[in-house]
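Chain naming follows the written order as A, B and C, and within any one chain the residues start at number 1.
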């Protein structure tokens, strides 16, 4: 195993009274496409900002690209491309001028500058908009421009904070295609995302919960962490059905997706007939009831629920 | 320190100013407008002060005296009044700034060498005009006494000059007519040219408010590079004004310029460095533009106007304020500009002020760089 | 409607609390600045460095130097050994005035027909100080002159009242500087505070993109304007009270007229400035622009408050312009009520002018801001 390119030990950041990041131990291998997931306020943005050298570390240590962030943050910054959650380029500068600005700041050799920005603009599908002011680009294009700006110095590490939030599905797909290309080229990418389908595209996923990294594994392994199996149910009256099935034996959890209910059961083979029976007895009509493969989404919700119930333990759970 | 990064920041900042026409217009021309305003309104020569005259003597001499007082442009006879009550009413209304009362025995006392029974009443709420009237009346009274008594004295064998025994020969150097405009305009250059400092104070807060600071801090740009880069465009704007404003002052307002222009230009550049560094410090500490603005009014604008010795001499200020004024670049620059414009002195005299300005600039930028942390919180 | 406006006002204040620097500066900054500047500048011009080249070195010359020092205007820097020293010191700006006492000074005084010469050099590069110095020198020379004349002409000293006119200062009997500087400085601080605060109200939201959000909420534009105005007026009025208290208690400036009248008129004046500020606020796209406009308008207004130069001496056209400046009338009112004890019977022209300007500016700003918001 290689030496991790991002490694933190007990990394902690305290704001006033909240521990936004709490004793985080993280090790990311070079070339990984690491997805950081977790509910809002879990500490994802703080983690990324800490790793980008934008925040002081309260306790613990972090090493990025071989540099201790406490001691040599500037050396690390030269090897990082960081993209903030909000649009943070200069709206009154054109696409080209933004790229030029960042290539000057990162000291990209002048001889390579033109070629690189040309390539990046094509890569990001922005070559037709070189002279447009960044403020006048669509949300998706702004994100792609921001990515291009963080790539201009060919960083070893990309830190992306929810890069696709607020972007339409087509641009989102395009954006991820770019990330996958970068991943294939060997860039280490740490990306936080609220979308579970995106987490599925990562080589490794870390789940943060109240400042801690609670799970860190491959998407496959995380999906398999669901204790039990999944039954998908399409009832006509989902509210009544939900009340009914939640109390059935062997059903540990019910998640609602529109009018579909996903039940986590100890054994689908055993419980499916029982569930159907119960529904029929109550006279509740349903279109289908079948076993379904676990997805990231269910795994995520299930894990978060477990966290929350551990935080406020039920008296009978003990 | 990388020149390329400074240049990149400066170029971006220039784009920022130039992209918005109205901002560009305001940044470039506010100093000129300030000059015009100040020159036309602030530095007027006192004249046409409205006064009232109450002549209780009603003699030929008193009438002649009253006519002499209001001859010329200095004082204007607003009203010939009949009673002190009228004077009071006019003063309360602010319609006159001073009143002259000629007492009943004016001509008798004068001829008997008992003195000159005159009283001037001035409005103590705006005593500048009143003080001017007092001075004017005093001089006219002196002349009037000499003139009225000439015959009498000659008859007594005393030369008329005897009444003017002391031969006060006042010479005002560098500004013979003592026109306030001639020294206030050069003095006010520190306000006019230093004006972009307030804009500089906004630029860092602007980046914070718009979220661009986050991206900027994630790059390996040095603190000095960022701060200097931010100052460069405003130094350039300032240097343009350093040429335009004195030319305007000389051509339009006939302000004499007796010194060396290259020296003025060079020292102005140092001043700009110092005053803009002051703006930068504010930008470093304030998170929002509004707060930066409010603070730069409090720390740069008002003190620059009142505490740098342009209007009110520093020598007369309390010790602590005198000490404080040493830290205001405007104090040193006002000495430099007045020195170069009027006596036309050179670096041999002005070097301590230049050194002080440069030192202030370094200290301010140093403090700014010291406290500017490339961290978000 | 009132409840909706109240909710807007609450939102504004929550906003202000989050960015607490701004209201802190608005509230206390002006008052503290007034304290500092008032303290520094509301005093007689004293301690002007003076150099004397005394070639006479007699009792008379020494008495003259002492009487110059006694005016308080001067601070004898040192005796000059020669004229070159004076020239050099003047060039360096070390002195504001120099006096040369010729070798025959006392001899001329004592002789029957002599004219003691008194060459005085003033540094015209600082005209304010030079004028103060001139006044002091003229006073001393005048007194000396009178003594000589009285002696020479054998005038009865008991009956002699002097050839200089007697002076009485009204409304400010002791000619205290604070009486005339601090009200003008108060006016300046108040105007800038209110103007700046009002000017930022919309420009700030527009620049940061939150204005749209405000406009899509179910508020009428009038409600939005009122909601934005109330905090400005409240803070401005509180600021005024604070500064008025400071001027009165720290600088001993009396309030001779009716305090209630002054407060009511202050409120009116604040509304007029608010109107100007709101217009600036909607014509500016960025806070930077708003600031530059405030600067220009605020400085223009300050010129007409009589702080540095009396309006009467300005060119006719500019005097007419002065009538359009609310601060000009406001300063009349402020000085009138505080120092002259004037009431409405005297101040009505200023009040009328302010009211007319208020209606014009207010009406224009309301119509303009509403149009800009819609």
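Of note:
Criterion: a contact is a pair of C-beta atoms (placed from the backbone, for glycine too) under 8 Å apart; a residue touches a chain by one contact, two chains touch by 3 or more.
What you are looking at is a predicted structure, and each value in this text was computed from that prediction instead of being measured.
Under the stated contact rule, the graph of chain-to-chain touches is a line, running from one end chain to the other without closing.
Using the average of C-alpha coordinates as each chain's centre, A ends up farthest from chain B. With centres set at the average Cα position, the gap from chain A to chain C is 61 Å. Rounded to a whole number, the gap between the C-alpha centres of chain B and chain C is 12 angstrom.
Multi-chain contact residues of chain B (touching two or more other chains): 20, 210. Remark: chain B residues 2, 4-5, 7-9, 11-12, 15-16, 19-20, 210-222, 374-377 touch chain A in the complex. Put simply, chain C touches chain B in their complex at residues 19, 21-22, 25-26, 29, 32-33, 36-37, 39-41, 43-49, 75, 90-93, 96, 109, 113-132, 134-135, 137-138, 141-142, 144-145, 148-149, 152-153, 155-156, 159-173, 175, 179-180, 183, 185, 189, 192, 196, 200, 204, 207-208, 284-289, 291-293, 295-296, 299-300, 303-304, 306, 308-310, 312-315, 318, 332, 335-336, 339-340, 342, 346, 349.
Interface of chain B with chain C (complex): residues 20, 22-23, 26-27, 30, 33-34, 37-38, 40-50, 88, 91-94, 97, 100, 109, 113-131, 134-135, 137-138, 141-142, 145, 153, 158-159, 161-176, 178-180, 182-184, 195, 198-199, 202, 206, 209-210, 286-291, 293-295, 297-298, 302-303, 306-307, 309, 311-313, 315-318, 321, 335, 338-339, 341-343, 345, 349. Per the touch definition, chain A reaches chain B in the complex via residues 15, 49, 52-56, 73-75, 77-78, 80, 82-84, 86-93, 97, 100-102, 104-107, 133, 146, 149.
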